[in-house]
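Please find the structures below.
Next come two complexes built around subunit A: one with subunit B, the other with subunit C.
Coming up: the complex of A and B.
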């Protein structure tokens, strides 16, 4: 490639990140993950329906993977609104959205309603990005929300994220690109002042890109470059050329991102979301709805299991040797032998 | 008051004032006695700052005379650590060695010492330790290891303890004699060393005192010349004012300037002579004691990650951007107080801007694209937290 390629023995820090290792997909893979997740969820929920009321699942219209994604997208837009309400920094917003999207690559909307998950991811993001806010302030400023709505799912969310809280964001890369533009040869001294608006526009594109899946497919620097090349194509071209003399591959990638941002970054239509949400109410996993038969049954079953486990533990503890006698018992102990020969 | 003079360590004419003279035969030599001249023991203090022990309740255990009856009563301590008054000592021991009236040990007149401590036990211990220290004067350097030095100290302490508490005295004395015979050469050597050290100390003190005196004399002379000069000056001004027709104010100003110049000259020459030498000496001794610590060059922590250092160059003059505006305008450095450097924020942003710029997106349903890929070479050895 170019002279800038890293030495063979070293691996770049970005490739060492969890974002690169665990949250990088091809578009096909992404679709595949979503559809398999959806199918599995539908199968499980169907079985639960049948178990309590046979035949009840026949006329339930379950959500498809696309419909699930539509709902997720809608709530991403809600996160943005919430962030401007609390005046959270860009970092919190971007992190919360990443968490939210990552969560729904491991879970389905039909199990966990995005409204609660959104609240939890945003609260979690304030903490992981070092912009903490008290839970009380947080809940009192959001209509009809209690502390338990936020906290109940927190561990589940963290677990789904694999406790990988650090995210490489495109908006920071955008800032870096903007700064590095000033290092380009023959840049006028008043260039930064004159192009502030262009920066804001580019940031708007980065924000819009959060509604799409680009962060799972491309690197943050590529997304930032795509955003900035939508507003300042000339500088972007010069900058890319200065970084990579043979820049064709990068340019192709950037163009792909540009197309995605321009076509897919609008929040979904409210009517269709409402429709999906209405149907979601009917096809939610009954085990996750507090007060339902399935929920109670599951609770009872869990109780029973826990009880069993406790009993088993008690029985085990009741045996004469807490360190377990099984090893000694299973072998024939010869009285004439030393202890050393026990195992033959 | 005459009775006070011995308290201050001054010479007392023994038996000179009081009638004790009457007991002694006229042939007895009149000795000018001080605590240091006649009496061997006790705490020797050439500076005379240690006072002899003295109490209003003193009473001679032999003749029962006390301070009330005899204001000049002086009690001395025998080698068996019993007190008696001077008149009793004169009476009992002038004719030669005689038994102690209390414990029957044979005593001589010269073996009586003045008392320094109220407690005679302490008196005894100090005397014994002084004697022991004279002979057992080995130092740490005389031993190969700390262990043997400690053993030696233990042995010395043993001997001292035995002598103080009268345990196996003859045997202990024998031990001392044996030791003395075995280490005669070393003992004298160490004695000489100690003397040399004391001499050096004394010389240094003497030198410093001399220097102080010289400094004071110098200062005095300076003052003298200055005063004389001032006097001369005044006289000159008056003379000039009398004879010349120039402006009086001008004349005075001129002479003032002259004076100032001269005095400043004097100050500088003095500092060159006096203080300069002193500082040089001080520095010399300092440099001798201070051990030089080598400054090892800093080696930055090495890891196995590539962080795109060659992909960007931080602009030397800094950047003009919205986020760093307040920091750049902060002339007093309030924002940089905690060690915040805006350059680091910029560098991080630049690193993000170039990180993985040439990474091609994954394609298809490649099973390896999902899940964790860890290069075997990186497992275990890397330090950087995945971020």
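Coming up: the complex of A and C.
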């Protein structure tokens, strides 16, 4: 609760995290990121359309940032369904959803369809949270999914996340707040038992909050407190007062979160999703559709580049000793194995 | 090209790979530098394409934790980028490790030197624990030493975070000689105390100049521990006989640490004994260890820059074939699949360079030598 606590003399552990440093936005900034990303994507795809078939982009209705977001939101709900199918721990689900949402702050659905990205983020999350399952088990339990559907995008996802795999979750904070409630003066011994339902309800609000942007705007503990105060307003108030002398500021923040959770945490209606998805089929980046003209052209170009690089290397290496560079010579020779040269 | 790919290419351009210095099943290690400043780095290239489950777990762990942990006594992950099907970790360049230093018979350790290494180890570890990270593979060759003498905890390939009590964890972690008895008894619920035991073993090793509890098998490890510290009683360690893999390995009497560690100060022995308490809950924490009398008593810890350094660290020239030959990956996990990736692989002993110093132990590669002609 950085907004209300007295100036900290020492940085909290949370403040040292990559989440705090790189994944926090103001609502305005968030909207800006999405619209800029969307505009740039549309421009690129339009150019690609035109390059392969002049005039072909004229009648295409590209997705807006809001429509992209609608689709993302729909697939967040799908991640939840998959997680209950596999009975993954809360940690996996929450992490996968965070990865998924973060991915679409760096990429557009018109390049990468959320259906695939969702599979990859979930699989990656099982590994990063130390709940790994084999790829085979994973794919056999999801209808018509192959290993490459999951792994092809793994690198791109990891890159998009900046390889920052560690995520701080509101459901953990909720548990902390819950334990702390029990240490308030005059708390009955059977308080946890008597309020078990309330905890579940609060957890439900935290889960619902994953469909919204609150994790990009607020801290996990602020979200947790909002969830509890939607459930047990009086106790929350009491706890807040005992904890923070300047609780008014926290209350304002918490109220903002409550409003968002209450108004924006429902999955989008299926009809509108279907409509957007139908249009997405027409405005997808052709370079990313396997088998399309543009895709093949791009592949061919990459192949050519790789070939050139291999030849160049062969020439460089072939000049002297087949066992490598000799002493006394500049050694800026890329001695990678040739199956994994580092071209772009 | 996508924005994400572009960013990756930019990152890749920041770093120059110079020379391959080691290769193992999972990774190739290069010496490298930052293109703009010439700063030396180590680049660990993990071959991802060959894993059927995609990104490998130990790579994932290492990246996950090192991305978050920034501390003077934890190795710094400077950057991560991918090249085709490889993952590249750009790590702070470090000359040597504590194992090399311990084994270098030409070096004499003062009590103040040992205190300094211990202080740095506990500082780094306290930071990890404060961030809810268990290292689970502490041993002298995972404590790397920078050219300015700073000690850095490295190799987070077995690390995990601990949050929930009651969450089962694997007991197949920590290299055997540094593994605490609760793990040898198959304990699946444990905490920061497992790392403290390892630090205790390292502390003892710094004083003895040889591994303190060097068991030959998991069973023998328990025996070795009990021979050194006495077989625990129910009073020493309530409930230990109920642990999943509990076995009796014989009754050994407790011998005072003083009998073996003849030159150690009473404070040093007191801290050591607190790291090696059988009951994990009573074992000292990293934070309490930092406040232990040992660190406040005379002599004060040596300045890192004044600490003993390996002879190889100071040497100026080395034949090139040394870096090309016989690089061997070291597997640290008993029974673990594959074992973690070592940033700096071990090399089998074979060069006259080593023989001339009559060493009979495997040594690390030395990365400090300038590339001839570069």
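Things worth noting here:
Note that the second predicted complex is superposed on the first by the 301 of 344 C-alpha atoms of A that agree within 3 Å, B and C clash if a C-alpha of one lies under 4 Å from a C-alpha of the other, contacts with A are read in each partner's own complex, and residues count from 1 in each chain.
By definition in this document, a residue touches a chain if its C-beta (ideal position, glycine included) is under 8 Å from a C-beta of that chain, and two chains touch if they have at least 3 such contacts.
Note that this is a predicted model, so its numbers are computed, not measured.
Contact with subunit B, but none with subunit C, is seen for A:10 once the two complexes are overlaid on the shared chain. Of the two partner chains, subunit C is the only one touched by A:106; subunit B is not.
Within the superposed three-chain model, A:18 lies in touch with subunit B and with subunit C [touch as defined at top]. In the superposed model, A:58 lies in contact with neither subunit B nor subunit C. With both structures placed on the common chain, the touch criterion links A:166 to subunit B and to subunit C. Overlap of the subunit B and subunit C interfaces on subunit A: residues 13, 16-18, 166, 172. Touching subunit A in their complex are the following residues of subunit C: 1-5, 7-9, 12, 16-20, 28, 45, 47-49, 52-55, 57, 60-61, 63-65, 67-68, 70, 80-87, 130-132, 160-161, 163, 320, 324, 371-374. Interface of subunit B with subunit A (complex): residues 304-308, 310-313, 315, 319-323, 346, 348-366, 369-375, 378, 382, 384, 386-387. Here subunit A touches subunit B in the complex through residues 1-2, 4-7, 9-18, 20-22, 24-29, 32, 166, 168-169, 172-180, 182-183, 192-193, 196, 199, 217-222, 224-225, 243-244, 249-250, 253, 256, going by the rule given at the top.
The touching residues of subunit A, counted against subunit C in their complex, run 13, 16-18, 37, 40, 106-107, 111, 123-124, 127-128, 130, 132, 134-135, 147, 150-151, 154-156, 158-160, 162-166, 172, 324, 327-332, 334-337, 339-344.
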